[in-house]
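Sharing a structure below in structure tokens format, with a few things to ask.
When the chains are written out, they are named A, B, C and D in that same order, and each has its own residue count from 1.
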Amino acid sequence: MKKVKVGIIGAGRIGKLHAENLVRIPQVEIKAISDIFTDKVKPWAEGLGIPKVTRDFEEILSDPEIEAVFVCSSTNSHVPVITKAAQAGKHIFCEKPINFDLEQTQQALEAVQKYDVKLQIGFNRRFDHNFKRVREMVEENKIGDVHIIKITSRDPEAPPSDYIKVSGGIFIDMSIHDFDIARFLSGSDVEEVYVQGAVLVDPVFAEHEDIDTAIITLKFKNGAIGVIDNSRKAVYGYDQRVEVFGSKGCVTVKNDFPNTAELTTDDGVYTDKPKYFFLERYQEAYIEETKAFIESVAGDKEVPVNGNDGLQAELIAHAAKKSFDEKRPVKISEFIKDTVSR
Amino acid sequence: MKKVKVGIIGAGRIGKLHAENLVRIPQVEIKAISDIFTDKVKPWAEGLGIPKVTRDFEEILSDPEIEAVFVCSSTNSHVPVITKAAQAGKHIFCEKPINFDLEQTQQALEAVQKYDVKLQIGFNRRFDHNFKRVREMVEENKIGDVHIIKITSRDPEAPPSDYIKVSGGIFIDMSIHDFDIARFLSGSDVEEVYVQGAVLVDPVFAEHEDIDTAIITLKFKNGAIGVIDNSRKAVYGYDQRVEVFGSKGCVTVKNDFPNTAELTTDDGVYTDKPKYFFLERYQEAYIEETKAFIESVAGDKEVPVNGNDGLQAELIAHAAKKSFDEKRPVKISEFIKDTVSR
Amino acid sequence: MKKVKVGIIGAGRIGKLHAENLVRIPQVEIKAISDIFTDKVKPWAEGLGIPKVTRDFEEILSDPEIEAVFVCSSTNSHVPVITKAAQAGKHIFCEKPINFDLEQTQQALEAVQKYDVKLQIGFNRRFDHNFKRVREMVEENKIGDVHIIKITSRDPEAPPSDYIKVSGGIFIDMSIHDFDIARFLSGSDVEEVYVQGAVLVDPVFAEHEDIDTAIITLKFKNGAIGVIDNSRKAVYGYDQRVEVFGSKGCVTVKNDFPNTAELTTDDGVYTDKPKYFFLERYQEAYIEETKAFIESVAGDKEVPVNGNDGLQAELIAHAAKKSFDEKRPVKISEFIKDTVSR
Amino acid sequence: MKKVKVGIIGAGRIGKLHAENLVRIPQVEIKAISDIFTDKVKPWAEGLGIPKVTRDFEEILSDPEIEAVFVCSSTNSHVPVITKAAQAGKHIFCEKPINFDLEQTQQALEAVQKYDVKLQIGFNRRFDHNFKRVREMVEENKIGDVHIIKITSRDPEAPPSDYIKVSGGIFIDMSIHDFDIARFLSGSDVEEVYVQGAVLVDPVFAEHEDIDTAIITLKFKNGAIGVIDNSRKAVYGYDQRVEVFGSKGCVTVKNDFPNTAELTTDDGVYTDKPKYFFLERYQEAYIEETKAFIESVAGDKEVPVNGNDGLQAELIAHAAKKSFDEKRPVKISEFIKDTVSR
């Protein structure tokens, strides 16, 4: 078995998470990781057995042995890094979103196409045991034609004000995962979006011209309709449920819980609250998405979530923003000139 | 204990249902029932011990012993019957909607106000053990400030084409119950409505310029936002669930099932499907709403669901229709000139 | 439709319950009720439209129009009442147990057989929507051959000391229902019993040479094995669950709850506790058992729970008592001389 | 951080499982593994980075750097290996049971005590997220005094005939885990056992004088009573549930499932079956038990499951066997002469 040699660009929380998952995959060898804070990163990298830590990501791209890179740096660096990595012939795993600007996203996708490398976007939820099972049931025609898709997606706590400021807003920062899941479950692109939003959790969102609570209606190209409800703060933990209703039935998934213990007393029935946040809930999904990427690279197969999936989710996010700003339903076609797909 | 003497106007399915529930309330005496098909009704009425069956509802109104009437005739007769009953000083229980036309509804409410009688609208779901418990939890501040309300309301099968034609459309015929529950659970009136609708169940709905599937977004006056999803056909039975999410938590109710049996085999886990339709699911709620009305009459107390509740739900239904027709969010204020409340 | 005319013997809690259910069955006419406290009973009987209240149950037996009687008097009167009712040619519905003494029970069954009347025993749980569904699944061979039966049966609170004294002990007073359900679900008689019991709830049980907590192991004639766990006090309400495990799968039933509301907060997930006691839980089952008896009488069909079912449950109760007293497994055959079945 | 250097004795399924878990614990270094099939084991050991594979386990014991050993060889080798390891001053993790013979088990415990080494028994279920949560609730007095403990423990399929022959029988091979969980949850030793058993799954069990289905009643020293039901074959997967009922309430745990997807169709509600077997269900528990052992060794703390826990479970198993053979309740004291505890 030939090992896939990889480099990781960016050693923040998500870069470290991917590295720790990758070292457990026998088929993978992490050759290098780049980060501007090399001093902080070195002891951790040594513990994992990563031989090289560099400040300059281009050193990773110039290593001819490295086949694939994980782009885990800040969003504004994604497009230049993807472009250079593609030029260097590296396959790319990139966190979402590709970019806040649609034109730049398309430029990155063009580079990927031109240099014929693979690009997988970090929509980890597609690999979740629950959502994957829903998709299977839809594909196996268990619910017939899809009529309604419902997604509940609520975070356990709002990010700090500093983060909100640079997040790009709720739609491209948070709802983008739900837009991807909506496309994944329906098997269809989205045609139109309408948003009813509000600032109910914390007035700080209003200061950044952002909202914290939203109900987003979707119209799909295949005729189905859908709704996403988002909140930046569910005090009880991470709320991640979906429902797909169709002509032959309905499939739902509930949250995951840390245990199944149920205590019944004179006061009623009590169980623990759901798993706290994405690290707990999507622990396995993060492992699965990197495995799938490595298998695509090693076996020269299609990646399961490609650049077009990244672009489509960003298109919906932009339409959602416009819908909220202009208080009207907005068609995706208002944003599309000439999209690239790969 | 003084008995409350009542008359019933209309002996269709719902008139009969109310009669059969009323005979079990010791405090009630049904003196008469009116229907145009007296021959059909008589044997059934005798079995229940109702002494008089008449073709002419005015005979009921002119009986001085009768204190209260149940208006269970067709929707187009509601306004004249309410008006005459109010003039005759009878308290009134009327099925929903009061009328398809907002002006006529308001005329009926003016008569009720003028003659100072009670009017209760047949929003039976407020008396359901599940929805009532959710409302209690909201009132007890268990979930804090209300942020999001979600209502799933799906019928097990579409009505026949003849009924669709005269139903007034999905919003005033079916969603109207959900509009009332939305107001009940939030404790707030609705400010704005947006509808994303489709014909996915049966093309016959399109023939009657109606739809069979809808996602309805609501903005409440208290700042909360909400969403209702409706379908005319859930093959698995009556789907009646709600969720209220707030600053301190979330309360949900699931469907009711005929039993709790769970069969686990090599194929998976199996349970029976939910209760079939409103007669099974809301059996107790129908009894509770008539008891509440009788208590209001006997004790001269406020009715729990009054004429304004009927009007508000109709206003939302009209706004929903306009939103669907004009493909835009519609404010309730576009419809209000001078509403009457009682 | 010919009406079945019935008399009720005993107007305590259970006699009143049956009467109130019977008045709602159109096919039934209650002609008389007997009780030693006629003054207390009269106003209630009038309210229900029962024309005659008597101190002497023999007046009921001598009424030639009365076809069937409900024996709801104290346990020690059951055998003489059944015997006289049988002699008078009345069909009999009798509460459990028939008697504390096996020989007397058999004498009653002999009278029933000799005078060829029907006798139904008040094992209401067989008519419960949950247990009935389990039995259906067993009969439909959904779980294959039955290997293990588990019954959890716990009361919400212990009866008063006065009652414990005359109850006959936990096995014949409380577990007897579970013995019947065990036979019902397995479709088999019981061969052997072993009891591990304790006084854990209240020392008053020890004063009456009784226990309040028990684990009862059963060996069935068809080879299956089973276990019942009983407690006189579950602080959270009536705990009534069963499980049948077999070669092809397992079916379980959970408790019934007053609603499906689920509140999730920072503290965890909360739901209301189960229905409180038998009046709430078995409300429908009591109605169904009387309907079934009336149908058997009217249609001259077999009753669904006959005298032998009463006797078998009593045999198991006696074996359980002996097992607890002698600290050893006890065979039912130790008690059987010549049982009568009808 | 000083590393704990360990050796593994036996590279069968469970030895490999522990090794694969241990390599992920940064504090551990596996120095050697012994097995009679060195050729088969070598490639796997290299992949994991284990430097030495030997046929002779004494080479592991003679390595002065190795602090602790995992005894994963066949049951009949446990006592000599434990004895020699104790003499060599190694801390010991040993799979259950220590031995089929109580006297030999006690000899091993005496060696452990004499040479003052730690001994942890592989009762992995104590580390399961569900059972651990139940124990916490019992310890936090959420359910008050413990009255009843119920354990359901069923395997998805019977082992092969060759295994049954040398397994020591259902009680010491399978139920032993449940005996330990019963002690763990109740916080009490067991006083008396009664077994009702049968051969219902496969007649091959009878050929080996074994059974495949059992209901085991337990009496605890603290007054509580309990019941375990075992089956060698639940076609739907691994069935691992417990319930503890007490004066203040009841706590139950359900099985774990691979996902939360619930499909509702015209046929009913369907979910996938439980996780298949111990490798899926107790995956995390195996990791947790090794972590706990390593922490005990590194920090010189008490092990969470010690030799006495192993002995007590074996005592119950022997009493269960005798109860089944002699068809009577058997006291644990019939087996105890002078037990050693450490």
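The rule is simple: contacts are C-beta pairs under 8 Å (C-beta built on N, C-alpha and C of every residue); 3 or more make two chains touch, one makes a residue touch a chain.
All values reported here derive from a predicted model rather than from experimental measurement.
**Q** Farthest chain from chain A, comparing Cα centres?
**A** Max centre-to-centre separation from chain A belongs to C.
**Q** Return the chain pair with more inter-chain C-beta contacts, choosing between A-D and B-D.
**A** A-D
**Q** So how far apart, in whole Å, are chain C and chain D when each is placed at the average of its C-alpha atoms?
**A** Using C-alpha averages as centres, the distance is 43 Å.
**Q** Quick one: chain B and chain D, Cα centre-to-centre, how many Å?
**A** That gives a centre separation of 59 Å.
**Q** Using mean CA coordinates as chain centres, what's the gap between chain A and chain D in Å?
**A** Measuring from centre to centre gives 40 Å for this pair.
**Q** Touching at least two other chains at once: which residues of chain C meet that condition?
**A** 235-236, 248-250, 264-266, 272
**Q** Can you list the residues on chain D that touch chain C in the complex?
**A** The touching residues are 145, 147-148, 150, 152, 154, 192, 194, 196-198, 200-201, 213-215, 217-219, 223-227, 229, 231, 233-236, 239, 245, 247-250, 327-329.
**Q** Can you list the residues on chain B that touch chain D in the complex?
**A** 235-236, 264-274
**Q** Over in the complex, which chain A residues touch chain D? Could you list them?
**A** So the residues of chain A touching chain D come out as 24, 26, 47, 129-130, 132-134, 137, 142-143, 248-256, 258-266, 272.
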